[in-house]
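Pasting the structures in now, so scroll down.
What follows is chain A paired twice: with chain B in the first complex and chain C in the second.
So, the complex of A and B:
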């Protein structure tokens, strides 16, 4: 049996996922021995769109060209893995998704896009699953080295990766940190996907939610808690939407519809994926 | 008419391509296109708090994340009249040095070195150049370690906050960093010597202007409020919009810059050209030994300039750590006002990075960010045009695509990468 073919492809984002993979050291060289890497733009020349066993994606989709490329990669790949918050949920560039002001924002940065950029056709940022089927998700901003190696090992061997279903809160408890929410700080630990090792919390920094919404989470409960702590609805929405991407936009819409929501009756978001 | 089309540059950070149109022996047009999709970060931060800004703007780039954070901190703190204590400032300088070591090591070993040794990637170099690859990994890893202990993570750490740090690095990790830096100095010397051993071709040579921040007290460094220009002009960072004159071009999502209507260069090569005489220690010795007038005309020396800067950084770390450990751990400084404007600038690995913020009622009303690569793009185009012209006049047309890509990579552009498909189209039509 020949080596498995894998390809890494990058859309709009900070290239953080490729950088983490490059920082895998000895394991990266093991991966190179075990597979044939058909695309890894930051590390090698001669990258191609070709038949793949596993396609790995980073970044969100913000141009027509990227949308075409994503569909082409899907048509060649047996398994497609979205890596990082941009590919999984849309990233920070999706925080205002659905607010209708995208065109205005674009014009403020670049001028009138109808005259410019005729060939590149910019779009409002969306996660990869808005256009194609994604088989597995590795969250993070950026992804974690251990979770990446765990996931790629499983997928290469034909099994599903097991990533934390619970939130950063659990990891924070493992580290025996004092709860920042109890101190009145706006920590998003209860809502955010675990796997980062509660990195910020260990430095007394409240969780900003950068790994995106956890698999099962109680948004209304945290919403109410922060109101009780004295934060305004605007502040809370701003914080929730910063890294929440498309799934959080949907969830907040539902909460806003129920004027007298309660933590028990309000809808539970299932990660959106 | 011949058209050389490098659809997507590889081994650079980001998505971009180069199109060169050749008519007979003449270059008709050179365009560096950036397809990196627009993310509109400058407008996303409007209406947000300064704390939100610090979560958002570092995500512009996975490599220069802390440069963005540092420039934003400087801009926001200026706007809010926050003066941070010396220990906080020095610790921020230390984290920036970590990022410069990490970014330069990534560029010289993984993006650039394969070109000079004739490989497609650093992974392919392992069998014959294992030592070099190991050295590169160790150096890059050390840069990340330094970023991690200060910022809380290797990439996008949130520990540096408005007015200080969530937690200052402990004495124990500071000592660890100091000792590791001292051990890596000899490796850095080998890197400088390796890059000094290559022949840098002269077909890329042209005259240009250089720009870098001018650190106070005649020192070498990466942080200042004043811009030094190779025309002997000095300007305040507050005047950056006038100095670098940004504009939008229809074929690129990255903006372009000119100084007095002419392209200019920022980055390690600019810093060494403008400030190299200030280097001391081993970095200073290598500067004296290796520097020549060619550095002013040839962007390939940017690789060597980066190697010398890695050495400078490693030699600076122990001094910086000693100073930091001699100071009391300060508390976080809080703002006393909620409105104002401020421009912050730092030397990111690739050159001067500007962040401008305006605030009212504690929320951002305006933001402008000028990145080093956007400032370099016009000069990259000019250099490519010069090179193609020189090569064609000598009748050299072999490996033109590779040569052009090497030039673009020498500038270490950061346009965050897509597939690499070089396409050469030749036709007999006059257009």
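So, the complex of A and C:
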């Protein structure tokens, strides 16, 4: 059996995932030994779209050309892995996803579309799974080295990666940080996928949700909690949507549909403290 | 049990001498919370017992660690790397938490990782802390402790009454016999009773544990579970800080070559959806209400083979939950909000 062929492809994002892979040290050499790397734009020239065992994607899709390339990669790859918040959820550039009005916003910034970007044909930024089937996700902004190595090892060996399903709070408690929500700060820890080691919380900086929505989350409860802490619905929605992508938009739509929604309607225990 | 007394000012000297039994650990302040930490600088150590964010279980049953490393077909556990420690400042509720974990990890399912850490950790308890908001140890009967420690210091203002709870504790005392006094008189006993009474009067919250286990049994269909299930953020913080939560997950982390790797163990939590998820996608406790009910059944009704409630009344869930779900609010909810808030 020959070496497995892998390819790393970059769309719209900061290429942070590739940098993390480049920082893997000795394990990167082992990866190079065991695989044939067909594409890795930050590390080599002559990158190609070819038959692959594993395709690794970073960045969100923002042009017709990227969309075409993504579909081509999918057709060539046995397994596709989305890496990082942009590929998994759309990233910060997709924060208005689902709101409509993209054309108007685009025009405001770039002017008349017909006169610009003839070759690229811009699209509203969307995560990779809006266009093709993604087999596995490695969340993060950027991804975590350990989670990347864990995932690529499992995928190379034909098994499924197993990443933390819990939210940031779990690791935050392991690190014995004071809960910022209890201090009244707008921390998105309970809504956000764990794995970052509660990096910001260890410096008393509230979680902004950059790893994307957790597998299981209770958006209405956190929403109510922040209303109780005195934040406005606009502030909360902006915070939730910054990295939340399409899943968060859906959750928020449901919350806002409850027409008489207000903090006083929050279910409380009888005689609760 | 051997009981001695010691002058308060001699504590520091004693703790310095105890360092020959292992690294000295104790509560220190970290931002607005207290945590157990290694004491290199004695001025950081807080002498009176504090409600640390994580209980002392973090040193015996750590949040995450490697069980073993493997290479080819051989493996090596990491038991020999476990350091010897002397942990000062452990309150009675935390020691009761350890006793419940002992039951589980030493008696019924001998766990070498727990047992080794437990044996290499000297527990120096301290009591007669001023109860703070949320202290429920008196309700739970965990405000006094007879076993589970090596030495126990009852802080009686002018002096410590020192209870020797193990042969290791005895050895520690023997290193500095000059600091301890055998002569316990009526005066010491009177002071002990006086301090206990004074402390007992300072509890502000209580739970009537003579009825709560039965109330739990009768509340299986209570709407309270749905209500808290809707509010719970599923963050797992309550289980992480609970002295008697013990669940963990084990995962293998092979290296890319596949030849070497390590087996990691880290805290899991029954509040998580994934916890009760099984192959095929079925979930035994699919709703948060179901999962919270299980947790509170363990804490307030019965847990493990002892069949006793596992809550030790440390109050950490009260300090920790961002949405006010804790033993106190659940009990109030189950009692229809009639639970008295005054003194017991």
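For the reader, a short list of remarks on this structure follows.
Just so it is clear, the second predicted complex is superposed on the first by the 259 of 273 C-alpha atoms of A that agree within 3 Å, B and C clash if a C-alpha of one lies under 4 Å from a C-alpha of the other, contacts with A are read in each partner's own complex, and residues count from 1 in each chain.
Keep in mind that, in the parts below, a residue touches a chain if its C-beta (ideal position, glycine included) is under 8 Å from a C-beta of that chain, and two chains touch if they have at least 3 such contacts.
Note that the structure is predicted; figures quoted are calculated from it, not measured.
Bringing the complexes onto one copy of chain A puts chain B beside chain C with no clash. In the superposition on chain A, contact of A:199 is made with chain B only, not with chain C. In the superposed model, A:257 makes contact with neither chain B nor chain C. Looking at the shared chain after the overlay, A:133 reaches neither chain B nor chain C. Residue contacts after overlaying the shared chain place A:150 against chain C, while chain B stays out of touching range.
Taking Cα centres throughout, chain A sits at the apex of an angle toward chain B and chain C that amounts to 110 degrees, reported as a multiple of 10.
In the superposition on chain A, A:178 makes contact with chain C only, not with chain B. Once both complexes are placed on a shared chain A, the shortest Cα to Cα gap between chain B and chain C comes to 11 Å. In the superposition on chain A, the residues of chain A touched by chain B in one structure and by chain C in the other are 204.
Residue ranges of chain A in contact with chain C, taken from their complex: 27, 30-31, 34, 146, 149-150, 152-154, 156-157, 162, 165-167, 169-170, 172-174, 176-179, 181-183, 189-191, 204, 215-218, 220-222, 224-225, 266-273. Across the complex, chain B is touched by residues 9-20, 22-23, 25, 28-29, 32, 37, 39-49, 59-63, 65-66, 69, 91-93, 95-96, 102, 105-106, 108-111, 115-120, 122-123, 125, 141-142, 196, 199-200, 202-205, 208, 210, 235, 238-239, 242-243 of chain A. On the chain B side of its complex with chain A, the touching residues are 8, 10-15, 35-44, 47-49, 52, 55-56, 59-63, 65, 106, 110-111, 114, 120-124, 126, 137, 140-141, 144, 152-159, 161, 165-167, 248, 250-251, 253, 405, 416-421. Of all residues in chain C, those touching chain A in their complex are 30-33, 35, 52-54, 58, 63-64, 224, 227-228, 230-237, 240-241, 251, 253-258, 266-267, 269, 272-274, 288, 320, 322-324, 328-330, 332-333, 336-339.
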